[in-house]
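Presented sequentially are two complexes of chain A, the first with chain B as partner and the second with chain C.
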Partner chain A sequence: MANSPVIAIGLSFRDRDGNSAKSTIYCVWATPIADAWTLAFGIGDRMLALSNALLYQIELVYRHTVDSPAEPGLDSTVERKILMLVTNTDEEINGMVIPSPGDVFEVVGSYAGIRLDLAGAGALGFADMLLAVDLRTDDNRSFGTTLAAGGLAL
Partner chain B sequence: MPRFTHVHDLVAPEPPDVCELAAFPVAVVPYALAALEHRIPKYIWDSASYVRGVQLIRSLQMAILCGGMVDLIESNDRIYRMLDTALYGTDYSVISTDPLVVEPAIEATHALTIEHPDSLLGRAEDLRQLLQNGLNGTATTLYDRELGIRDLLELIKAAVEASDTLDPDMLAKLAEIALLLG
Partner chain C sequence: MAITLQPVFHITVNLIDRDRNTSTVSLYCPNTSLLAVVVDAIETYIIPAIQGISDATVTGWTISQIAEELGLVSPPVEASDVERKGVFSFRAANGAPYTVSVPSIKNTLVIDDTNKILRSDAAVLAFTDAMTDPTVLDLVDPCTYLGSDLVQLEKAEKHHRGSRRG
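Our next item is the complex of A and B:
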């Protein structure tokens, strides 16, 4: 199947009982983000004209599916995860979960097989990435630039 | 077995945060990390408590990942071995580094035994024997001169008294030195 990147526009509605429902439509990948937001709000207005629920959230998702992906590794298991803990300059700790960790854990010591080897190539690359990009939390705080720890989460 | 249902609209406790030190099996860390992750989603927290509540959860995840009890206990052991070597002269050897095994093992109590003469107690014992033998001529394990300083002074004093060239000042000084030595 050919890769078909799109922007998904999600519009979430809430009824009198607090129940939520999301309506999702799509626009072309190349749509500039400002135009995509304008489009999303315009669609929201049109939907509200057809609905008596409350529109309370709009989200844009840039979706890209890998074209003809290779076979996953034989020992890959997405239920196993690694929790990456990152600190920001406000001394807050934020977390990111990555599924199916490879051989990235310490191999000696009491945390062998459990704790991320911060000296490993993958961890060092991740730490470099944190310094290069301005990641945010879901409430727009700084996610952080220092990879402080990581560990297997089951 | 009843299903565990998480409380929603959690309100995080106000600071200050009282901290405790805990020992735990490291094997439980992956399960604890995942279990705590269920308390991260925004919707389970009261909106005013979300940031602080999540930070409390994250701090516990960080704590169990960073550990430190093993390092702390080992640092205590290092201090013990340093004192043991310095005081008694016990010679420790690292048998393996992962896991760290050092012999001899640390016992619950320590006998008052000097294991090496270069230890503090060994040197103190050396000095004690030196003084005993040097002053009094007492034979010890390390020193066995027949005559101590007191004996020698008495001999000198007797020799001076017996000589024709008696010097009262010299005799007085010898008597004074002998008195100071007890």
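Our next item is the complex of A and C:
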């Protein structure tokens, strides 16, 4: 893995007609995140003094790239996707869509090729990840730790 | 600005298939985690889990944190137009050029009969100084996308450039 040499800071503005535009500035990767926010808000304030649009969003982005990615599988196609359904302790169901599912589906029965094989290595590895990482929803609720089901997303 | 920091980091994992089409997986984790801990979780657990399901290849990932306007706010003034940009061209320490645009630049900052931005205006100076002088914002200063410090303002002009529909 290699990280970008910089943190990208996106500042998004919106005008009276609902059109939006983004300005991007950068600071060096080693900048502590609190200092990057200081810079973002400081530059945002100064841009706002020059603009009569609304500054409605600021985003810090850290980019990593894989140095030498492996060749994708022969049958890989990101148009096909699998929906992983995960439950949390509040009995809420959350979903994660993963493109180009491999050989992870049931192979016999009515749902062969459609439903995730929960006993397969891929599903077991995914379930282990749910236990190891504190995943959240976009509004910071628990994403869940139990892989309940999965299937081809249509 | 009444902009509120979201309580989560947004992780986007990028994948590519055999035909070089790309797609992403989107997930979130709490922003109370240290960034290094999130990076470790991505590399140790999340990417292997995704690669266990997908036969496309992970080519990279991003972590982003967003602060945004959540409440009701007054609409921007009638004269606002994000396609009217103040384009500021800087010179970096390594000699490279760097340009940043300020959407909807105020017309009062543009010299009449020209497209030049009034560089002596106090608000313009406050912006350009913050871009080039690391002492202005607590020793943090912007740089080019390759990490070279910005050292000098070269040009400041008004241009009209496209935007995206909000």
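Methods note: the second predicted complex is superposed on the first by the 147 of 154 C-alpha atoms of A that agree within 3 Å, B and C clash if a C-alpha of one lies under 4 Å from a C-alpha of the other, contacts with A are read in each partner's own complex, and residues count from 1 in each chain.
Here is the rule we use: a contact is a pair of C-beta atoms (placed from the backbone, for glycine too) under 8 Å apart; a residue touches a chain by one contact, two chains touch by 3 or more.
Since the structure is predicted, the reported quantities are computational estimates derived from the model, not experimental observations.
Partners chain B and chain C, brought together by superposition on chain A, fit side by side with no clash.
In the superposition on chain A, contact of A:111 is made with chain B only, not with chain C.
Of the two partner chains placed around the shared chain by superposition, chain B and chain C are both touched by A:97.
Angle at chain A (Cα centre) between the Cα centres of chain B and chain C in the superposed arrangement: 160°, in steps of 10. Judged by the touch definition given at the top, the superposed model places A:74 against chain C, while chain B stays out of reach.
More residues of chain A lie in touch with C than with the remaining chain of the pair chain B and chain C.
Shared-chain residue A:59: touches chain C; no touch with chain B. Using the contact criterion defined above for the overlaid structures, shared-chain residue A:152 touches chain B, although it does not reach chain C.
Using the contact criterion defined above for the overlaid structures, shared-chain residue A:138 touches chain B and also reaches chain C.
Of all Cα pairs spanning chain B and chain C in the superposition, the closest are 11 Å apart. Residues 81, 97, 138-139 of chain A lie in contact with chain B in one complex and with chain C in the other. Listing the residues of chain A that touch chain C in their complex gives 1, 4-6, 8-9, 13-29, 31, 33, 35-66, 69-79, 81-82, 84, 96-104, 121-123, 125-126, 128-129, 132-140, 143.
Chain contact summary for the complex, chain A toward chain B: residues 81, 83, 85, 92-95, 97, 108-111, 114-115, 138-139, 141, 148-154. Taken together, the chain B residues at the contact with chain A in this complex read 26-27, 29-31, 33-34, 37, 40, 42, 50-51, 55, 58-59, 61-62, 65-67, 70, 98-99. Listing the residues of chain C that touch chain A in their complex gives 1, 3, 5-8, 10, 15-19, 21-30, 33, 35, 39, 41-46, 48-50, 52-69, 73, 75-83, 85-86, 100-106, 109, 123-124, 126-127, 130-131, 136-147, 161, 163-166.
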